[in-house]
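Below is one structure, written out as structure tokens, with a few remarks after it.
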């Protein structure tokens, strides 16, 4: 009996069945405190339609689906193996020579990548004319573009510099509240008692967010990965606490007063943003492209290379004269900049800033985008972010039965675990990151990574 | 200056009451902190999802109490029985959840020698999954728990009312903590745990089954965490988000006492509970959480190895 | 040649397709031409989350009114309802409002139900010239000093409710000192402020404190034990009465903490706590007994009767209108919108209809289920509100009404 349990095939079948049951319950109806089993029994006994063909109880539907999925995987494996067998039989040059077909070589060229970017940009510019519904347009700005901004910012911190920051939402909050402050929507009077134009809140917010990045980073970035995560989590919570409680400074839980519309009044250049979401879309899109260009060039610059060095072997980097603290703080500040700008966009479009937006859950949502897309790869993060956010927006708009908008984080959490188990490098990882992770897993990474102990990232500080 | 003097007078008035309450809270923090500390000692990993183990224990005993106690008022004998059953239920569910968590979220990562960051991210994901799943299945509002005993003031000490609730926590906490300490210090199992904490490779060469030891470590921490959940929720009920804040505070306690050190976890828990309780006299209720977090940051910056130092291997 | 799919190309191009395709799928528009034009009345309120109980009550009221109107057959148009969930949150309200505005057949909105949500959603409704008739947003700040005329409410605001509460505690319960707490929300803080001011002017000694960290409404991350510290402080200072401006989920925790600390004075809260979930959320449930509540109910027979009640029971699945707080108000709000709609020219384009409803609603003078409905220029009901605020007390696990102001 024990041998049966150890059999890998049995284990695999058992695992698949467990996962199927779990998915059935996850997508099933809700329960509540008075009827705790309602969710469970409903998940299996309720009627569901099998792709509209026929209607049976859910457990039957899911068993069929499981069989189909298992069959599909087995089929795919079979096909893949027979293709490769045929390839091997075909010629000896299959493995020795380069396997890059002319098409592949074409696609790997930089010029084709630029062509692709231009196409996407053109499509993005024409998007508001395709989707003319105002509420959808606002959703695109607030739920997709803002999240992308935040994700590329977190990507600088977590992907480039390798620092897990769980309090990233704090910079977003600072950007939003700064906008309110500078335009006079907070109980505290604006700086110099001048009520600034919302547009000029943009440099203020970015500067303040970057400053906070430096201030938070300096004392905490000496800590090792796990501890840094918890401490940044704590700082995020503290910012939320202060925002929620300091009624006289931030408006407390009620939030700010109404923030004036974004507008430009520069001599002959006059433009009012108003309530129409389309100008916001273009403004945000413009800045997204700007940030993408800046971050991309940073990645390939000296700073970017310093980050890579610190990520791979901090002690060796230090011995080469790179000051790890300086570059880590720089990463914090730069990531904070895009978060600060995102805060301005949210504040000026939704016209009110309230604390419940800035929770830990939000930080985790952004983290999921970065992890899913591929830490360290800008294009990966953008694509991964788009995937998930579009899906989330779609689910919110037409939720299938058994889905409550609050279930989202259950799925995101499961997604994180699954990604870590199967593909920690993310869906579209940069080649360098993938190589790093492969090295660590093979155990060939430099020593400092494997033997780190204690909260500080120094081998010498291990207490004896 | 008068600000301080008025607050200190309040502290003086309420001293014994706050002390008793603080020790009770501290014992709960200590029980949760042990979960963090043992897992860290053995795996060098912060088990971010321990908060959900705490919460599962609370929910398990909530349902059990609903069935056993319901609307009735139990007499003394029944109270004791229900209490023991509730504790066992909370502890067992906590232990099962912990072992399951290790199996699903951490073991696959250990098999592929994943980078450290991956563990933490997986833990975060597991935590979010578990508590939202519980919220979906069991409702998202606060549910009051049917207490297995009637909360009376048993006796007063220097004017502070010591309620049944506190006595229960003292007794249960004492039993659990002492037994665990004895287990780790003297038994073969405990020696295995300490060996793995000290040097996993050598331990496996010595014949210690690493996988089994790790599972047992999670189980022990999970049992204590689940019991702590039950005790914590008796006066205030359960809600699916209840795990986050107490667990974060317990983690601060573990770091305060010395992460990886069992006695340190107990010491840190008690200290944090008392300090937090006294700070009630000084700050508004909402800012009390900041106290625990401030302790964490200060410890990490100035004495990262905590009060008692970092080793699980050293139990003495 | 090895069969190798270029993953990057496939991924990138499929993601571009998804980017274009999904939003287009989302905009499915289906409108079948009918002989009578169909108009939509929207309802914005919490349909999920910690406050859903109150929100769903109002949804039922709206549904009843629309069913009733359609069945009567005397209207030259058909009506349907559209529901927009904002979870009672001021953060989610603008998005819900914009969805409502984007609905091309929507003419007016019942709601938003919660005061905080109303505050952040109103700029969008003002801009779209859509009338919002709220059945329950009682915050005084929504009408104090505001110049927009599209917001109206069919309940008396917190200026009236707060005064009633202060009068009850100081005059009836003879409290010489009152501790006024609030949850920091737009509604809770506003109501608490009125109570504090009025109690002070009635001669009581007033202390205030704010607990904006929400523990369970909707589930927040504050520890549920944050109120034990408060309870200790209150036990020491021992005021004659404690008033809480906020919602039932956190009020239940406060009541439990106060009782277990041994506080014996009067504990009261406003309409945000008037819900049976208050009792199930208090630990132990018996601690809620003796607690006072107030709500703008209109004791002039503020419930459905007869055939209307039967219909309501069908919609609500057995919950009576006496138990469903604010359902009658939502019914009245919907009814006056329908009444106003019947008097405007419905052949106009929808935005003109929306704009023309606003002055029509201000002209309304109708006897609804909850009482006489006529609006002042600021959107509040005409009248002093005397006799309109009901007092409740929790007795034996049930909320019983025992008087009014």
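Just so it is clear, A, B and C label the chains in written order, and each chain counts residues from 1 on its own.
Here is the rule we go by: a contact is a pair of C-beta atoms (placed from the backbone, for glycine too) under 8 Å apart; a residue touches a chain by one contact, two chains touch by 3 or more.
As the structure is a prediction and not an experimental result, all values here were calculated from the model.
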- prompt: Among all chains, which one's averaged Cα position is nearest the averaged Cα position of every protein chain shown?
  reply: A
Task: Report back the single chain whose CA centre is most distant from the CA centre of chain A.
output: C
- request: Determine the centre-to-centre distance between chain B and chain C, using the mean Cα coordinates as centres, and give it in whole Å.
  value: 39
For chain A paired with chain B, centre-to-centre distance based on mean C-alpha positions, whole Å: 31
Statement: chain A and chain C have mean C-alpha positions lying a whole-number Å distance apart equal to 34
- prompt: Which parts of chain C, given as residue numbers and ranges, touch two or more other chains?
  reply: 49, 212-213, 221, 280
Query: In chain B, what residues contact two or more other chains?
result: 135, 140-141, 143, 284, 286, 289
Message: Give the residues of chain A touching no fewer than two other chains, as numbers and ranges.
response: 33, 237, 241, 244-245, 404, 406
Message: Could you list, by residue number, the parts of chain A that touch chain C in their complex?
response: 33, 83-84, 87, 90, 94, 99, 101, 103-104, 107, 116, 119-120, 123, 130-131, 133-136, 138-140, 142, 237, 241, 244-245, 247, 252-255, 258, 275, 350-352, 354-357, 359-360, 379, 383, 386-387, 390-391, 393-394, 397-398, 404-406, 427-428
Field: Residues of chain B defined as touching chain A within the complex
entry: 44-46, 63, 104-105, 108-109, 112-122, 124-130, 132-133, 135-141, 143, 248, 251, 284, 286-287, 289-290, 293, 296-297, 300-301, 304-305, 309-311
- prompt: Any idea which chain B residues touch chain C in the complex?
  reply: 10, 13-14, 17-18, 21, 135, 140-147, 151, 161, 232, 235-237, 239-242, 244-246, 280, 284-286, 288-289
Interface residues, chain A side, partner chain B - complex: 25-26, 30-34, 36, 39-40, 162, 164, 166, 219-220, 223, 225-227, 229-231, 233-234, 237-238, 241, 244-245, 361, 364, 367, 371, 404, 406-407, 409-410, 412-421, 424, 437, 440-443, 449, 452-456, 463
Query: Can you list the chain C residues touching chain A in their complex?
result: 1-4, 6, 8-9, 11-12, 15-16, 18-20, 22-27, 48-49, 85, 89-91, 94-95, 98-99, 101-102, 116, 119-120, 123-124, 127, 183-186, 189, 210, 212-214, 221, 280
